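By written order: A, B, C, D, E, F, G and H. Residues from 1 in each chain.
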Amino acid sequence: MKQEIIMSGFGGQGVMVMGQLLAYAGMLEEKTVSWMPSYGPEMRGGTANCSVIVSDEASGAPIIYEPTSAVVLNLPSLDKFESTVKSGGVLIINSSLIEKEATRKDITVYRVPVNDIAAELGNLKMINMVALGALVAATGAVSLESVYKSFAKKFASKPHLMEANKIAINRGYDCVKKA
Amino acid sequence: MKQEIIMSGFGGQGVMVMGQLLAYAGMLEEKTVSWMPSYGPEMRGGTANCSVIVSDEASGAPIIYEPTSAVVLNLPSLDKFESTVKSGGVLIINSSLIEKEATRKDITVYRVPVNDIAAELGNLKMINMVALGALVAATGAVSLESVYKSFAKKFASKPHLMEANKIAINRGYDCVKKA
Amino acid sequence: MPKPVFNEERCKGCELCTAACKKELIVMSTTFNGKGYNYATCPQEEECVGCCLCAKTCPDVVIEIYK
Amino acid sequence: MPKPVFNEERCKGCELCTAACKKELIVMSTTFNGKGYNYATCPQEEECVGCCLCAKTCPDVVIEIYK
Amino acid sequence: MTEKLFTRPEGLKDIPTHYCPGCHHGIIHRLVAEVIDELDVRKQTIAVVPVGCSVLAYDYFNMDSQEAAHGRAPAVATGIKRVHPDKVVFTYQGDGDIAAIGCAEIVHAAARGEKITTIFVNNAIYGMTGGQMAPTSLVGQVTATSPYGRQQPLAGTPIRLSEMLATLDGAKFIARVSVNGPKNMANARAAIKKAFQVQLRGEGFAMVEVLSTCPTNWGKTALEAGQWLEEHMVPQFPLGTYKNVQE
Amino acid sequence: MTEKLFTRPEGLKDIPTHYCPGCHHGIIHRLVAEVIDELDVRKQTIAVVPVGCSVLAYDYFNMDSQEAAHGRAPAVATGIKRVHPDKVVFTYQGDGDIAAIGCAEIVHAAARGEKITTIFVNNAIYGMTGGQMAPTSLVGQVTATSPYGRQQPLAGTPIRLSEMLATLDGAKFIARVSVNGPKNMANARAAIKKAFQVQLRGEGFAMVEVLSTCPTNWGKTALEAGQWLEEHMVPQFPLGTYKNVQE
Amino acid sequence: MSEKLLMKGNEAIGEAAVVAGCRHYFGYPITPQSELIEYMAKRLPKLDGGVFVQAESEVAAINMVYGAAGAGARVMTSSSSPGMSLKQEGISYIAGAELPCVIVNVQRGGPGLGGIQPAQSDYFQATKGGGHGDYHCVVLAPNSVQEMADLTGLGFDLADQYRTPVILLADGALGQMMEPVIFKERTSKPVAKPWATTGVGERAQTNIINSLFLKPEELEKHNEHLQAKYATITEKEIRWEGSMLEDAELVLVAYGITSRIAYSAMEMARAEGMKVGLFRPITLWPFPEKALHTVLSKASAALAVELSTGQMVEDVRLASNGVVPVHFYGRSGGMIMTPNQILDQIRKIFQAKGGKQ
Amino acid sequence: MSEKLLMKGNEAIGEAAVVAGCRHYFGYPITPQSELIEYMAKRLPKLDGGVFVQAESEVAAINMVYGAAGAGARVMTSSSSPGMSLKQEGISYIAGAELPCVIVNVQRGGPGLGGIQPAQSDYFQATKGGGHGDYHCVVLAPNSVQEMADLTGLGFDLADQYRTPVILLADGALGQMMEPVIFKERTSKPVAKPWATTGVGERAQTNIINSLFLKPEELEKHNEHLQAKYATITEKEIRWEGSMLEDAELVLVAYGITSRIAYSAMEMARAEGMKVGLFRPITLWPFPEKALHTVLSKASAALAVELSTGQMVEDVRLASNGVVPVHFYGRSGGMIMTPNQILDQIRKIFQAKGGKQ
């Protein structure tokens, strides 16, 4: 299986770290992984995205042309990526910020109130963790356990963050699982 | 006929101008001509040389490998160029500064007291003109008349120089003709 | 009466204008503009004295002051 | 007695040493060295006071002063 | 109500910029445009923009422009000015552009007394490339390439370009200003105007160094950045006129 | 009679140089070599020579040497010094090399407080390439590229590098000297010694600017050249110490 | 051997350099290589003898490298396309003076200021010599983050062994992407550098680092010496990789990031029954000319694929020397082709051959 | 038409530039091209609107050229090998921004500081692109002082017509030597430059000189536009010269000063009964690939002769594409081959063919 996932949102929404955690989790599962960011000059407020491949096959082209799933955290991201998702794929929409509905019928769409959940948990910085949980639930790209591990690795110097973020991940996960 | 002539001496001896006058004279005679200097970093007191081609043929390689004649105004120049002259060629030695004799037997050697003649004429700056006269006499590369003309052209802004230099050229010329 | 007019869509929510207004008239919106920023507004525009300090401070020429 | 010794072949005939010698002891040769220069000489070396100014002035370290 | 007390100068095109929220580049752009309007030279002005955050300024300034290679704006401006000595030519450059890679070019434009105006935006960092150390970064300042703070014995101390260029005869007007707050802004505008007037009078080289913020790479809000500028940059880069030679 | 009052320093190889008659490069070489001998650091010194008439100085200095690209000697020296912080590294550069093409490199070596010593030979001309205008050529000076005399409004005025670099904190010692006559020579030697001592004490950057002659390209005899230096260069480039910071 | 890490390509180069014993880095920021300079800024000051200098420009950086390499250090610099152009004089000097160093180019779109997205349009500059004179750099082309690390290590070894600058020719995609990477233990031994300028000490002769030979006879000799060295490198150090070449009728030739896209295209073509293989040069200079010639001699066409308007394709044509037609497909300016687009080209070539599949 | 003058090649370029209407020159001294900068320093200030600036470096000079060209002027700079390397970033910018100018390289021996005697070892740099990105300069190769003048004039015309930098690739011998030269009246008309930055005045749109395209789609479009232009130039502007090619079994290929030596060698070979011809490319880019291919198709071998260790020979091999074996003979470092040395090579080739003469 080859998961090709795009994550996209405003600069401050943490999509880069989110993608790295996913890739790291895949690596922990001995899968072939790669993470590729969009990069550009400083245009804060612009939209940033990254693409992650988690695959059981040997590594191939590291660039994603037709994602198997996409997470869009703001409206411009929805506009940009909805049409690119592979037929049969997954689209996760941050319904807290995006009122607009998806139009594609050949993909599975989840509307997750990412900001609201994070706000509820008391830390807007965790929206990316909520989204990550949702993504894992919707795609099964990696196990939840691996995501926890990858978080622990990446933030090894800040173990106190673990608990709250775990909750955020779980909330996102549950939100999709219950959908 | 193709004359390939090398002129060589100390930096201050005026071999460059001498070569240019010869080339210019050839040009006035509608011959194919070229002038090529040695060039290098500032190492005054070193030996400078130039090579001039005056030819009835269409222009070919502008570099001289085996000169048909050479004018050497100092000892290092004699040492450097005597061996390169084509068999049957001409070598003009500034006997004022060079005591050493030429060893080649297959070329025509003229010993001209260039400095002495110039000193006699009251201007050491004219040694190159004396040498030029000798060269013209020895090779017939161009006519004396053309040399005068070329001098007049080159020093058009200083017509007063003409007379004295003409004399110098003639003295060199006569020196060889009478040899 | 002077009146500040905001080109909301151009506002980047930097809040420099809020500090510039000596009358403290400018407040940031709680909603986002199309670029995702909270934008500057002047709810009590009748209090404006037309000093133009807000406009001069704005790096994005969001604010025009009408006479 | 101090004595200036000239490495004639190294001399470039610049004449800086002639001006440096307060005793005006240094004169240029009328003949050339191998490089074609008139070189510096000190015909009255017995007058030399060993001040070394000539040697220090020479850009080509032509001159050594012996005690 | 149709009359306006304040509006966009004609010298600035009516399009949004890519600058970060609160970045002073926008203010400085506007001041330059206002001065150009005031002097009524927009139609005969050629802007030379740098490589740096203001690389796209050719889209913002409402006048003919050239985009110069990183650091070479003064050379490019020299080329233009020598072709059009009757036109107004200015460069707009960041600290990395002017004081690091372009150091020789600005020194020599000043030394030649090139009749151009330079707006030097000193934000003590490389904004465009993501916050690396600049020649004007403060000792101890943490940047992407001085993660432990700029270390004096290894990475040197800030170059004070205004002071340095003031030693050159060809530099006729040099001032350091900031745009932090209305009073500084007014001084900045006056200095910029003067720098263009020096060119218009054909006197020689003129430069205004504008202390500026980079909230994004300083990791501060726009308001905090203004304060940091005041507290840390101004002491290191004192405001004032460093050269003012009337012919 | 075997003892010598004056002889060639060990720091200079016993071979003839290619310099023109009377050129001060030779004197300056000897002074540098004498200081290195005196400080007893020859065996741990690495010379960085420029592109210019002194390009072959690696054959003359009796020590390890690197030949740097035109103008880049301070960068090359930085590379060496950072590898061997315990060794002595100096650059020897002409005015074209240091003040024109290499302007950025010397400014930044000074700004970084790079612990190197620079000997800057200012002869107001490009000697090596046949006498073109230098950034230090005097106004009105006729050279191969200023055939009508250096014109102020077009070609600028001389850069006073010592004064300019003195504005930088990293520069700890900067002096301008000449070697024209015994007294100046003694001062020059003292300054050069100081500049090496600054390095040996690890204080920072040090430079000695030595006013020098180019009889060949000035079109003068060696003696005339010395006089021209005194009469024309010294007023434009006053001798003296421009920076002297003891840590 | 390190554990498996997830790293950006740019960072992997930095760490690999450290592992290879590089303690000196001189550079100037530029997108998309800045993570490398930033990595070195973080890493080197914490190491014994580690030196990081942010130079005032790329020109200064390459000349600092000259000085440090001449002083005997393992030293690195890095940049991206416009900055590489500024280094050309310095690289020519380094080649002329025979100094070992590693120079990284994380290529972006050109010409001029161009863009900041990935490209492979500095191939000519790297392989033919962007600087003046007859010289070569060894040019290595990684195609994964792991190879960014491995070839960096190899680069330092080759540099020291042959006293030559080595260019690691990467691109924005390889620099920015993260993949797992392992830093292997190094087996190569440090090379003695008796020629380095370390202060003459008790050595009999002074050491001189130099590329000036005023006498043309001597400069020609020096050039002959350099050419002899290049011949040795060409003989011994060529590296390339082949996939499905045995029965390939059409040989794709691609390097770096493009080789992975070409690989995917090859698989798709095979799935459609077209006999396609992939030849990937790893050393771009020396180019595996003979090996490719041999491969092409058994095939019936070649297709060069690159992120440029056609540069490596010239070396492919030189290797072919007329034995097969050489086709070309490239994208430029930061655009990256998809495997499908390559597949389209492959189909066209097979169709033109009259449906022979 | 001027009278016949005896001039140095360097000076002839300067005068030809003036005759072609060039009034702006920016440069930096370097041997063996300094006579050109010195000529401009003398000549331009005496002309109406003439501007001579000695830049602080080659980097500054090329960027001054960028500014002046962008402002609409006919403008020139010149240098020699090391200085050319420093100009590479600027040349890439000029090509990217499509600015017309003439850049002279009076080549000397390399690499590094090398020497100051004549060489042809910057061929790759000039023709393949020493700078970054996909671009080309038109490269013209004179072989006499007269052509130094003529091709300078042509260079300005081509530059304006195609909005492209033109490199005049000469060498120290051509620069230093004197030959008769005539400056012909110019027939070409000045090209309008509505794109130049002259101040917006009453124009509807501001003019922008730029090579930045942040969106890769746009940068690719720009590159396609450039490539289309290069294709037009390749179609229309190739220039070359043939001698005794009709029945030539062996074709010498040589440009610039070397072509004259090769010509002498050809004559000597003919005198010995060997059927030798000479193919001289005048445009090095675009290289006369097709024309040479046609010539080689009728011959049985080629011999590339250059003052380098082998650069143009690659273009000869590309042109041959395997139809004949391509031999190479080069000297380097400032050494210049004699006609006799070339003749020896010719004899060897004929002998190897089994005495077939």
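Everything that follows uses one rule, which is that a residue touches a chain if its C-beta (ideal position, glycine included) is under 8 Å from a C-beta of that chain, and two chains touch if they have at least 3 such contacts.
Here the structure is a predicted model, which means the values were calculated and not measured.
A.B. asks: Hopping along touching chains only, can you work out the least number of steps from subunit D to subunit G?
C.D. replies: 2
A.B. asks: Please report the smallest number of touch steps linking subunit A to subunit D.
C.D. replies: 3
A.B. asks: Relative to subunit H, which chain's C-alpha centre is the most remote?
C.D. replies: C
A.B. asks: Please report how many Å separate the Cα centroid of subunit E from that of subunit F, as a whole number.
C.D. replies: Measuring from centre to centre gives 34 Å for this pair.
A.B. asks: How many angstrom between the C-alpha centroids of subunit H and subunit C?
C.D. replies: Each chain reduced to its C-alpha mean, subunit C and subunit H end up 59 Å apart.
A.B. asks: What's the distance between the Cα centroids of subunit A and subunit C, rounded to whole Å?
C.D. replies: Computed value for the inter-centroid distance: 36 Å.
A.B. asks: In whole angstrom, how far does the Cα centroid of subunit E sit from the Cα centroid of subunit G?
C.D. replies: Centres of subunit E and subunit G (C-alpha means) sit 38 Å apart.
A.B. asks: Spell out, as numbers or ranges, the residues of subunit A touching 2 or more other chains.
C.D. replies: Answer for subunit A, listing residues that touch two or more other chains: 40-41, 45.
A.B. asks: When you check subunit F against every other chain, which residues touch at least two of them?
C.D. replies: In subunit F, residues 20-21, 55, 67, 69, 100-101, 103-104, 107-108, 112, 128, 130, 135, 154-155 touch at least two other chains, as defined above.
A.B. asks: If you look at subunit G, which of its residues touch at least two other chains?
C.D. replies: Within subunit G, the residues that touch at least two other chains are 31, 53, 56-57, 59, 82, 89, 93, 97, 112-113, 116, 210-212, 214.
A.B. asks: In the complex, go through subunit H and note every residue touching subunit B.
C.D. replies: 4, 6, 31-32, 116, 144-145, 172-173, 176-180, 257, 260-261, 263-264, 267, 336, 338-340
A.B. asks: Which of the residues in subunit D come into contact with subunit F in the complex?
C.D. replies: Touch residues, subunit D against subunit F: 2-3, 10, 12-16, 19-20, 37, 50, 52-53, 55-61, 63-67.
A.B. asks: Over in the complex, which subunit E residues touch subunit F? Could you list them?
C.D. replies: For subunit E paired with subunit F, touching residues are 100-104, 107-108, 111-114, 135, 152-160, 163-164, 167-170.
A.B. asks: Under the stated contact criterion, what part of subunit G meets subunit E in this complex?
C.D. replies: Subunit G reaches subunit E through residues 28-31, 34, 37-38, 41-42, 45, 52-54, 56-58, 82, 112-113.
A.B. asks: With touch defined as at the start, can you tell me which subunit B residues reach subunit H in the complex?
C.D. replies: For this pair, the touching residues of subunit B are 20, 23-24, 27, 33-37, 39-41, 59-63, 65.
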